[in-house]
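Okay, here's the structure, questions in a sec.
Naming follows writing order (A, B, C and D), and every chain is counted from residue 1.
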């Protein structure tokens, strides 16, 4: 597993779909964030990355795991614009929030994509409850690996809850504490 | 997630394939055990359960996660015998150990299957490091859910190691400790 | 099988991709034409229809079977424009010619789509060597059914060749004449 | 396409499942025969060959296309016996007739498999209405190719019917005559 124990750079976006207010990583501290960077015309994103993001969104408790899409356009800028993305999100029935990565005005690579050093799309980034990048992967990642990392990180939440509230052992969404 | 915080009954088997010596859960204490109960002529086992067991076997560090097959024959006993199972395991190139659940001599349901109260095949059972059943599911289970539980349980191993040896934060196989 | 023994209306297009010159059905008389009507943001087209068109394109002799895409935009017109389609065709590496169905200027349904009475996308139309519509189907069609119709129609070509040239029995691309 | 314009050797079998009476190719003259040679413990047969045979069985009119399974055991003879095959056919819910290729008593390769010169399993053989082998393929064959050959052969039936009865043009199951 490729991991980075670095603080996750803040998202820099021009708009958000599927949410009423802009989303910041800072405001999500305490939750795990699954960030799926994609382009709407990227075949690997459409066939693998986006369906996986949707499965994660449906499998984990939103109280602990936030799934975000990030439209990191680095080619065909003219046609992968906000209006096109809105049609795409509508037709593919995506339900999780999707942010539009901010262009820098003179280069192809948008700001968030550059800050994370992403190599392309799809890229999956998983950020822990303290805001550190725990997975950063270009291409396909197996559901087993994603699940294992999320389960490990959720265990921290449960352990934290246990310490702060002397909680009993129990199961929480997709994982269990003994 | 269907969970049972009960001690896992010991395996009762008549033979083991893919291993030099018989395997007992008692001897695996300290490791997570993924037990895949199947029948070689069960279509759902062949198409879904066994490939998932193989993926788990390939994805997790054998030092922490043990994958076991268990041939729980409850029908067509005459043809799903040990010799047939050996041919099946050979042709399907299974690499993890496979035990043969012990018939009780007069009923259809073999002893381990009965002890666990399994409803049929495939059934997936995940047993934690202390020997407790943490998942017991008949039918299909998603890789995300299996991964999440294994990640949570592995975190206990890491946490336990940390407590006993003041270990630094780090990543271990398929999960990370901060 | 839904069949229509009606003459195939001529294609009315504003542009063609993947070909040097505009394509007309009239000029293709004597060949079988497989017409795949799609929209670039239609999930069923991307997951099923377009891959099937690509398989047909790769499986049959272009001397006898012509595969054409037709971009029949009836919604999200502003973002499924020619420039966007060019990016889509490039990213999905489509190799067969793709025409853009002609808007009528005031309604949503473009002219060719209306002339064929298509209900939506994906729609598969198969036109025989004499220019008659032999299959017209909205949604998914199995490869077995598409293959069977193409094999039957190709047999006519072979039979025709046999009559006109007293040709020997033999195999032609994907089918055989005895 | 690999084709053989040779007469199909008669089937030599010891038993038939899913049919009341033994089946011979001679008695099927006038129909197309799709012969799927498999072994119940052959992974490629279970994952690809048998499902394709089932799709063919469900897609074409039994009045014109007969689908037959043939259990050509050339290894693990002791466990792939008739009783085991019956359990397999029951569990996988196969509906088409399945014959058991006749062992020759001292070699591994059974008689029909040897007569056809099959290299292994799965092997697909398609025999035309006059009893000639038109396709003989070891491994996977695409549905498009199978469909195209069946469509071409069915066209002969239709053409024959047309010649003998001055039949009108029309559609017959999975193909159409103009």
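As a convention for this text, contacts are C-beta pairs under 8 Å (C-beta built on N, C-alpha and C of every residue); 3 or more make two chains touch, one makes a residue touch a chain.
For clarity, every value in this text was computed on a predicted model and none was experimentally measured.
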### Message
The B-D interface: which of A-C, C-D or A-B repeats it, judged by over half of the contact pairs being the same residue numbers?
### Response
A-C
### Query
Measuring from the mean C-alpha position of chain A to the mean C-alpha position of chain C, what distance in angstrom results?
39
#### Entry: Centre-of-Cα separation between chain D and chain C, whole angstrom
31
### Query
Approximately how many whole Å separate the CA-defined centres of chain A and chain D?
50
### Message
Among all residues of chain A, which ones touch two or more of the remaining chains?
### Response
none
### Message
Chain contact topology under the given definition, line, ring, star, complete or other?
### Response
ring
### Residue ranges of chain C in contact with chain D within the complex
1, 3, 5, 55-56, 59-60, 128, 130, 132, 134, 142-156, 158-159, 169, 171, 173-178
## Note on the structure
chain A partner, complex, touching residues on chain C are 41-43, 46-47, 75-76, 78-81, 83-84, 87-88, 91-92
